[in-house]
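Dropping the structures in below, format is structure tokens.
Look at the two complexes coming up: chain A is in both, with chain B in one and chain C in the other.
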Partner chain A sequence: MARLVVLGGGVSGHTAATFAAKWLGSSHEVVVVTPNSKWNWIPSNIWVGVGQMGKEDVTFDLAPVYAKAGINYKQAKAVSINPEGNERSDKPFVTIEYTLAGREGEVENIEYDYLINATGPKLNFGATPGLGDANGLGEFTVSVCTADHAVHANEEFQKCIQKMKKGERQKFLIGTGHGLCTCQGAAFEYIFNIEHELNKAGVRDMADLKWISNESFLGDFGVGGLHMKSMGFAVSSKIFAESLFTERNVDWIIGAHVNKVEKGKVHYELLDGSMNEEEFDFSMLIPPFAGVGLKAYAKDGSDITATLFAPNGFLKVDANYAAGAYENWKASDWPKTYQNPTYGNIFACGIAFAPPHPISKPMSSPNGTPINPTPPRTGMPSGIIGKAVAHSICDRILKGESSPLHEASMANMGAACVASAGKGLFDGTAAAMTIYPVVPDFEKYPGTGRDTDYTFGEIGLAGHWIKHILHHLFIWKAKLKTGWTMIPE
Partner chain B sequence: MIKEIITYPTPPSVKYATDVRVFDAEIFSLIEDMKDTINANSLYGLAAFQIGSYYNVVVVKNESTSNFLELINPRIISHSGKVESLEKTAYFPKLSANVTRYEKIGIVYQDREGNQHSLRADGNFSILLQRKIDYTFGSSFLNKLSKEEKKLFQKKLEFGSDIAISESCPTLFNRDYIIKVINAVMIAMVALLMGSLFVDETTSKQLWGYEVYLFLSAIFLNIVYFFYAQYEGKKFTSCTSCQIGNIIGTAVISLFKLFVITLLSYFIMD
Partner chain C sequence: MEKKAEHNIKAYGNNFTTMTPGPLAIKLRTCKIWQFIRFIIINIKMLIVVRKSH
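Right after this comes the complex of A and B.
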């Protein structure tokens, strides 16, 4: 009997674990280690953050689902990996620390034959003074990164609405809280859902909305922007985004590295090196991501974290980390199998794998501060990668060690994104976009590196319906209900 | 080398720009071509798209010193104030539009060595840079126009002219009065025709004589209508009903009715 241990139960880890359990059957063991008791459909957190959904709408208990799937579920956080075992055993293992009520702090070593690192990111609030610290979110801003954060964000948002109803003008500042953030899409969705709800509450004229992000142009989204082809024309996401922001009367600051947050004020550095301030009454700033801080030890107990992990804490995989400058970047730099180059039985998926370099153009201020989005690995690609990795491991377990690995390079993968711009059955809007490939392939598609025949964008009510349907569809899939395997990632 | 400037209707968004990644002879040659083309056409600036390159390059000329500013991968990273400007661009020759722009902007860009620089611009320079950077993201100023201005500009595009576009299309033209007179003449002809049914043959023939005068008058009025309508149409180029097809159609319908009445009158009255 082989044992596959999956670290993390988010979109990517859950996909990998559930498919592996299905393909391996009861003759092999799948273990999931995640500190959370609930699964969270993160894309819908933005609706929790404006009070259009409750926490219970976007989360569900993992234990019954994993029990049904025959997965050994351990509510714990991974602490370290011993890929060579230790002095007493050659068997590799991970050390975990329980977060389950009643077993908090209890440490256990779990041996594995294969390991998938799908821990997702550490929300690195501490990277920006005032945004938070090692314990998480600070007191001056809100976040929609977790369901609990989103609930808190909505509480603060409702307070602002009440103030506006009493005639007190409010200033909203939404965006990214550091020069190296990703997930601009979530902030983009949140600011337009805020705008939509303010309209519904009849207080839009009492609010000033401003976007702040590390993108060098509006609509970069961490993928260097995209050109949306519609009716024979391809329009840059910059033009699309600027039109939307202007239409909704939302001002913007771009090319900004937020370097300090105080009560009611952010300090930021622009790409031109200038230092500026912006005041706010309500602010939702996405934190930068980092690895969760897993350590790695060799058989003799020496620290080999730098061998297994990149400096940002994400797991090294089959990517070209020596690509160098922007002009040298190639589609082939991006990983295909997500296998660790040193330890062949360790894989990574979702945000946990270390990307070779950004997708957006790297930029920095004259002061040397890097200000550019880091590459997104969430949503559709993370599910696809999780499934491909599970497929590779299952083949190796069931068909033998020489089985070829499955590939899912982001440079050869399309993705669909539905970004909500307001929730409502008849007045909701969302921008539906497809992009191919996610990582530009400048050799295959000279110019922008993308195939505009497969790159599409449209905003409207239909997009909102799609977004809402997807919400129910993916939660159905994650709960492993009838037909879940038929639903694409 | 002087290059041909791409003009409407070639859509800018089909040959959209991409960031320059390799700063090599190809880019330097492109910049020199842009300078030559600017000089040859007495322009203030060009985006690379305008001479058929998809690279994210803008070259602008300083009016007073004649020096060129080369901007590779420019980005507008800050803005303030708004201003309405009447703009012209080589992409839409002979046409202009009122565009809302930022009064002041901050830009970061790279030079030929890939070094990053920044600048702040205001006034006409700011507007010129905004217009050129639009091209580098696959857009002309068409996407910056208000709904009303866009509608008006699309009319300008349709007629290929900037002249007399700003007036609104009248609901009633002078030519319509001519048609009313023609209709009145034809009603009189019908009245004579009907009257002839109740009179003796001699009186009927006498009425036919009046009928011929009315017929000739209507023919003359139709000729006047045909030429005057075209003259008037040139004053209202934003009006689709002023097109020659509509004028011919109206005249043909009028003449058809006139000939039907005249033929019936000929067989009954004469």
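Right after this comes the complex of A and C.
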């Protein structure tokens, strides 16, 4: 019997674990190690953050789902990996520390034949002073990165609405809280959902909304922007984004590295090197991401963390990490199999794999401060990668060690994305987009880097319907209900 | 129909060079019949991209 251990139970880890359990059957073991007791459909957190959904609408208990799937679920956080075993055994293992109520702090070693690192990110609030504490519930700003954060964000948001109803003008500042953030899309959704809710509450005229982000142009979204076919033109996402911001009367600051947050004020540096301040009454700033801080040890106990992980804490995979300057970047730099180059039985998927470089062109201020989005590895790509990695491992377990690995390069993969701009069955809107491929391939698609036959976007009520349907569809799939394998990632 | 979006443009400000939707474009965004048609078209387009990506 082989044992697959999956670290992390988010979109990517959950996909990998559930498909592996289905394909391997009861003759092999799948273990999931995740510190959370609940699964969270993160894309809907923005609706929790404006009071349109509750925490219970976007989360469910993992234990019964894993029991049904025959997965050995351990509510714990991974601490370290010993890919060569230790002085007593050659068998590789991971060390975990329980977070389960009643077993908190208890440490256990779990041996594995194959390991998938799908831990997702550490929300690195500490990178910007004042952005937030270890729990992400900042003293001065809010977040929608987890369901609990979103509940807290809504509580603060409702207070602002009450103040506006009493005649007190409020300023909302939404965006990214550091020069190297990703997930601009979540902040984009949040600011327009706030705008939509303010309109519904009849207080829009009492609010000033401002966007602040590390993108060098509006509509970059961490993927270097995209060109979409519209009215016979290939139109940049910059035009569409600026149009929407103007239509909704939202001002913007771009190319900004937020370097300090105080009560009611952020300090930021722009790409031109200038230092500035912006005041706010309510602010939701996405933190930068980092690896979760897993350590790795060799058989003799020496620290080999730098062998297994990149400096940012994400797991090294089959990417070209020596691409160098932007001019040298190629689509082929991006990983295909997500296998660790040193230890062939370790894989990564979702945010946990170390990308070779950003997708957006790297930029820095004259002071040397890097200010550019880091690459997104969330949503549809993370699910597809998780499934491909599970497929590779299952093949090797069931068909032999020489089975070819499955590939899922982000440079050869598209993504469908629906960004909510307000919730409502008949007055909601969302930007529905597809992008192909996620990582631009300028050799294959000269100019825009993407196939404009498969890259499009439009905003409207239809997009909202799709987003709402996807909410229910993916929770259905994650709960492994009837037909779950038929729903694509 | 009111040309409200145009009024948000600030001369030589951040948004001076962008395009803004006219009243008809904004109306169509929440027109149920038109959006039902778009719903079908967008779904087909997305399914094609999803199929190409797996």
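Here is the rule we go by: the second predicted complex is superposed on the first by the 483 of 489 C-alpha atoms of A that agree within 3 Å, B and C clash if a C-alpha of one lies under 4 Å from a C-alpha of the other, contacts with A are read in each partner's own complex, and residues count from 1 in each chain.
In the analysis below, contacts are C-beta pairs under 8 Å (C-beta built on N, C-alpha and C of every residue); 3 or more make two chains touch, one makes a residue touch a chain.
As the structure is a prediction and not an experimental result, all values here were calculated from the model.
Colleague: After aligning the two structures on chain A, examine chain B and chain C and state clash or fit.
Modeller: clash
Colleague: Using the superposition on chain A described above, determine whether A:Gly255 touches chain B (first), chain C (second), both, or neither.
Modeller: first
Colleague: Which holds for A:Asp427: it touches chain B only (first), chain C only (second), both, or neither?
Modeller: A:Asp427 sits against chain C, while chain B stays out of touch.
Colleague: Taking the superposition as given, does A:Gly126 touch the first partner, chain B, the second, chain C, both, or neither?
Modeller: A:Gly126 sits against neither chain B nor chain C.
Colleague: For A:Ser216 in the superposed arrangement: first (chain B), second (chain C), both or neither?
Modeller: First partner only, chain B.
Colleague: If we overlay the two complexes on their shared chain A, which of chain B and chain C does A:Gly447 touch? Say first, second, both or neither.
Modeller: first
Colleague: So in the superposed three-chain picture, is A:Ser243 touching just chain B, just chain C, both, or none of them (first/second/both/neither)?
Modeller: Both chain B and chain C are touched by A:Ser243.
Colleague: Classify the contacts of A:Gly344 with the two partner chains as first (chain B alone), second (chain C alone), both, or neither.
Modeller: Touch partners of A:Gly344: none, neither chain B nor chain C.
Colleague: Which partner does A:Pro370 reach: the first (chain B), the second (chain C), both, or neither?
Modeller: Neither partner.
Colleague: With both complexes superposed on chain A, which partner does A:Trp465 reach: first (chain B), second (chain C), both or neither?
Modeller: second
Colleague: Do any residues of chain A touch both chain B and chain C, and if so, which are they?
Modeller: Overlap of chain B and chain C footprints on chain A: residues 239, 243.
Colleague: Where on chain C does chain A make contact in their complex?
Modeller: Those in contact with chain A are residues 5, 8-9, 14-15, 17-21, 26, 28-32, 35-36, 38-39, 42-43, 45-46, 48-50, 52-54.
Colleague: Write out the stretch or stretches of chain B touching chain A in their complex.
Modeller: Answer in residue numbers: 11, 13-14, 16, 18-19, 21-23, 54, 73, 75-78, 106-108, 116, 118, 134, 137-139, 143.
Colleague: Can you name the residues of chain A that touch chain B in the complex?
Modeller: Of all residues in chain A, those touching chain B are 216-217, 224-225, 227, 232-236, 238-239, 243, 253-255, 270-274, 326-327, 329, 361, 363-364, 366, 442, 447-449.
Colleague: Help me check something: in the complex, which residues belonging to chain A touch chain C?
Modeller: Within the complex, chain A contacts chain C at residues 239, 242-243, 245-249, 251-252, 380, 384, 413-416, 426-427, 429, 432, 434, 436, 454, 456, 458-463, 465-466, 488-489.
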